[in-house]
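Which chain is which? They are A, B and C, in the order written, and residues in each are numbered from 1.
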């Protein structure tokens, strides 16, 4: 169960260049390509002629051509032409609103009449020259909500990422969670601690001493349907922590767009945006490589957790204080699902 | 759904030499081997002793021996012997009519009382010294009818095989389709065009100029249950095309035997028979290699099309003029299925 | 269907050293680890916090720690602690009786109140310096009873293991099968025959001539739930065979512990214990390697037999004299299953 009336990240611009891209989003097989103006188009990945995936075709002068028998599909889902055929009565395929913005391609899988580009979240770091961004994509076999739980409870860093960003002080600092409308914020502050290896690397990357005590913070923000932005950083201790001046800290935003593929699989777009040394491409690459390794450590845990939960569907999960971020996020998701259900008359199955 | 009272190609003679061959045909696991006279035998692949596949056994003096405990199976499906056992009351396994003819091994999966070797199609090219044949086998995850559709509408060559046999003139020449009893013929003639790469290779192979305009033809013949023979060729333009004298053309027969393994998988025996330079083994090998590559290009399309159709079982496919060959072939198949059903009382589920 | 109130071999001691081991036994996912005293502990492999597999965690000072968020699990299934949490009300996970004995780790998957370590079979060869043991583990996709059948009817050696331990005289010597309480014994004696290659190797390993006639024996003993010990050996002919003095024979015990993973898969612990040259580690390794190859020959046969039986669930298997060992063993299993069912009120489905 996932909200369908929402903007999800479907892919990155580099994935849709000359060739069409096939990708299942929220249970629907879609094809993405660029029209003659370079604008991204999303359609159902199904040729109305014989059911071939349109994503196996090609783009000719901005028109998507089926790779089986040459049907030319229009960007609105209506067939434009086919050699030797009158195509006026061909059934249309479903078009999906798609927008390229902030370095991502967004798609709206639900009611197309409700797709309003103004609802795409504003990402300040994506538009400002003061910021640099690097990221990647993982395909993971788990319910998207398990990844939200994961990101809204960073105590797991101590265990899953023990050698890079984990440290025992995370466990010892209880998080504070609050709900602000449809946003959930869970935050944790640690003072006068040693920086773990990843953050020592970031301090050095910012030209700062890495062997002095630091203050560290993690501020996780969930917004629907499944975006989690996490402000993270360290500052030399005693300068105000999160509020410390830029000259004594290394701070960044962990970016997580979690797009359901099916009920039990996701496209996980992860990345990190930073506002120090934004022009240092080598640092961007180094941070991206480090983050890729770290975030890869979650995959087996999430997939095996999913298998265990499918095996014991009747077991409830504990909802501790550290889980409050995920629990609150799921409540917002459940509210959105109920609203969609009320609008469509299709009953919603609640999953704990 | 596939007719079972029909001869299907099960394998090629080289696949059944010293060792038994296990292969599922029309949903039934079969074992093929040769008796003491070298005649091919087909049986249910199930040892009546403990259910082991007989195809894991061996052949001793023309008798199939189970590789688990040594049961000796007779060519009629009755146990001949087993060390230390009286086998008279052992349950029999089902024998299947199998005939080696025209370079293939044919099997009749249905009512054995109706298996008449005279119904095996005559293949002139297989028996005459004027012809040479080369071919291969692909295992594809699709309904056998999707492959019939594929072969009865060669407009797909323009798209799937763009670099070898495809050309835009195929699209531009509407096919003519007619039904003659249980046979469907769909044909297309193109005049005064450039030969595509595969046919330029064939012209050169036949000692003909490859850089002059040609007339090209494709005459597809479906016969039940799922055989498609396609007369294809090019002649130097203006000499009568299909009717041109042998000295100015390169012509051949594309051979397609499509044997259902399950409802959604096939054994696809493909090949090409030609009546020029039949003794040129190097040319045979070269054509076979080229055809193997070309026909391999269909696999992903067919398998992905199958997945799309399974996902949307309620969607009808378009039936355009170019699809007439497949549509008519399916009507003949449906008629055969209905006849089998009427004979057995088992209802037939029609699939569009 | 497998008895659950029984001791099964779960793993070998080397598999549970510093790290926890996850393994499914009788349909239940379990985690094994060692406590502070080195004693093996078995628990349900499910963290009560969020359902992560505990086997992905680690052991700290003899306590199992969940690798996701650091929950500390006690050896009785109750949570000992978790950073920042009061754990008193956390739901417990199920503990399983586990005992390290005779070179194996045993687990009792059923009613824990009935788990009595005194019921673990006594294995004389495992405790005496006069014996040496070598073995291994195979994971096989078949019902555990197919492996019992396999081991209680060694005529298959003639076919499956033709080049190592098989010989036609096995077929020719009818086995004698008897039931003694819950034990089934099926035995076969062959006199004045040639030793097959494996036994020639063993004779040489024991410093005996390998090119003289021998007497050979196979005495298979099934005990519930699924243990099969097989006394095997050869003696120079005419010295009493099985009863011959040690100086003229090479004898050993084939050890088979068959542990159901699911209804159609097993953990198969195989090995060989011998009481000649017990200190010759090179001989142990050589025998182990040979046995590993030989026992590996059964895998495809068992898995393909299983597939055939699943396809034709209604077909009965023949019960010949050679099958008596397996048939009798299954009757004992069925009696145990019925007793378990009577105790729990859950109906038992009998499978032939």
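Convention: a contact is a pair of C-beta atoms (placed from the backbone, for glycine too) under 8 Å apart; a residue touches a chain by one contact, two chains touch by 3 or more.
The chain lineup, named per UniProt: A, B, C = Aromatic ring-hydroxylating dioxygenase subunit alpha.
Bear in mind that the values here come from a model prediction, so they are computed numbers and not experimental data.
With rounding to the nearest 5, the Cα superposition of chain A on chain C corresponds to a rotation angle of 120 degrees. Homomeric contact chain B/chain C is classed as different-residue, with under half of its interface positions used by both copies. Here the CA centre of chain B is 48 Å from the CA centre of chain C. Residues of chain C found to touch two or more other chains are absent. Within the complex formed with chain A, the residues of chain C that make contact are 29, 45-46, 48-53, 56-57, 65-70, 82-85, 90-91. Across the interface of their complex, chain B is touched by residues 149, 153, 155-156, 158-160, 168, 171-172, 174, 300-301, 304-305, 308-309, 311-312, 315, 317-318, 320-323 of chain C.
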